[in-house]
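First the structure, in the form of structure tokens, and then the observations on it.
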């Protein structure tokens, strides 16, 4: 059993944004030479998240961000937290800060339409993504 | 450390539906003979999900699906994605496409009321579930 | 590869409540002496959850609970489930019942603001948290 860990930076440019990080994760898996196991993609932030979703039509990401914003508005008179980013904290807990993808024959078992997204909910910021590949 | 992976098909019959797959996962764990470790239940789709929830009273699943539909309606004039399933993509990211359940003494440590559900949000379709048992 | 598993009790005092369990998990990791790997924090319940979020300003937790309650009200005439806790079941599936945190150099790689929360959505109750540390 081996554990290979790497991290990389993501620079976001808008308050709400999904950034496709599939290729960065693929490179780390190739480097690890792990054939069977899994990869954990993790972000150590409380106003961002990691998710898997369609990376073919960019309208999907538009609709995800737009609908999240309608459900959980940026401004709401009932928020107490002084930083003005309570919406981002809730989106982070609902989407979740990590994803785990199975590895077989040295490749992630992503579905045909699945890509890995870093989800920014309180940008623009410099963010960290930690990737741990585990297996044999 | 051993990795045993199997997959199976789920045929859904409605647009929104939860299908209990607990027994299918239990069979794979029994077959694996893993005593301690974990199991990852993963679906490689962007309009479906995996979740743990009560499998005693079917009204719980009714209420989950009904409330999700109220929060994230199927039709909304602000969606841009042409396939008409933007709601399903968002439900998939919020519920999440995988669950990880701990194994001890050869059994999943599910709580008394917990079952494993495949969540269809854009059916009916034929779907895949991948199960990886890892441990010793 | 080693697997160290411990569990502990959480006694909640309100219907909706986040309880910071970061220190309990840290103690189990220290006890395990695992240097690299991960920890899974899991709750075997269908009306509770585990999440990572800010543990500096308590107003963040207030806003999370308040906004969740607005989105998914406790009482709704369309719920069929007789126990009156359908909202809690949905919150559990959306937030999720487990978190996985990477371990390196014997420490959880939590971000500066990240704490681990047990999320009660149908308290007050006595609850269980299962922690499995895995690695070398």
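Letters are used for the chains, namely A, B and C, taken in the order the chains are written, and counting of residues starts over at 1 for each.
Throughout what follows, contacts are C-beta pairs under 8 Å (C-beta built on N, C-alpha and C of every residue); 3 or more make two chains touch, one makes a residue touch a chain.
Everything numeric here is computed off the predicted structure, so don't read it as measured data.
Asks: Rotating chain B so that its CA atoms sit on those of chain C: what angle is that, to a multiple of 5 degrees?
Replies: 120
Asks: Determine whether chain A and chain C, two copies of the same sequence, contact each other through the same residue numbers or different ones, counting it as same when over half of the numbers at the interface appear on both sides.
Replies: Comparing the two copies, chain A and chain C contact each other through largely different residue numbers, since under half are shared.
Asks: Per the centroid of Cα atoms for each chain, what is the distance between chain A and chain C, given in Å?
Replies: 20
Asks: Any chance you could list the residues of chain A touching two or more other chains?
Replies: In chain A, residues 1, 71, 94, 96, 100 touch at least two other chains, as defined above.
Asks: Tell me, which parts of chain C touch chain A in their complex?
Replies: By the definition above, chain C touches chain A via 1, 36-38, 51-54, 57, 59-60, 62-64, 66-68, 70-71, 94-96, 99-102, 104, 109-114, 135-136.
Asks: Spell out the residues on chain B that touch chain A in their complex, using ranges where they run on.
Replies: Those in contact with chain A are residues 1, 3, 5, 40, 42-46, 71-72, 76, 78-83, 86-87, 89-90, 92-94, 96-98, 100, 128, 130, 132, 134.
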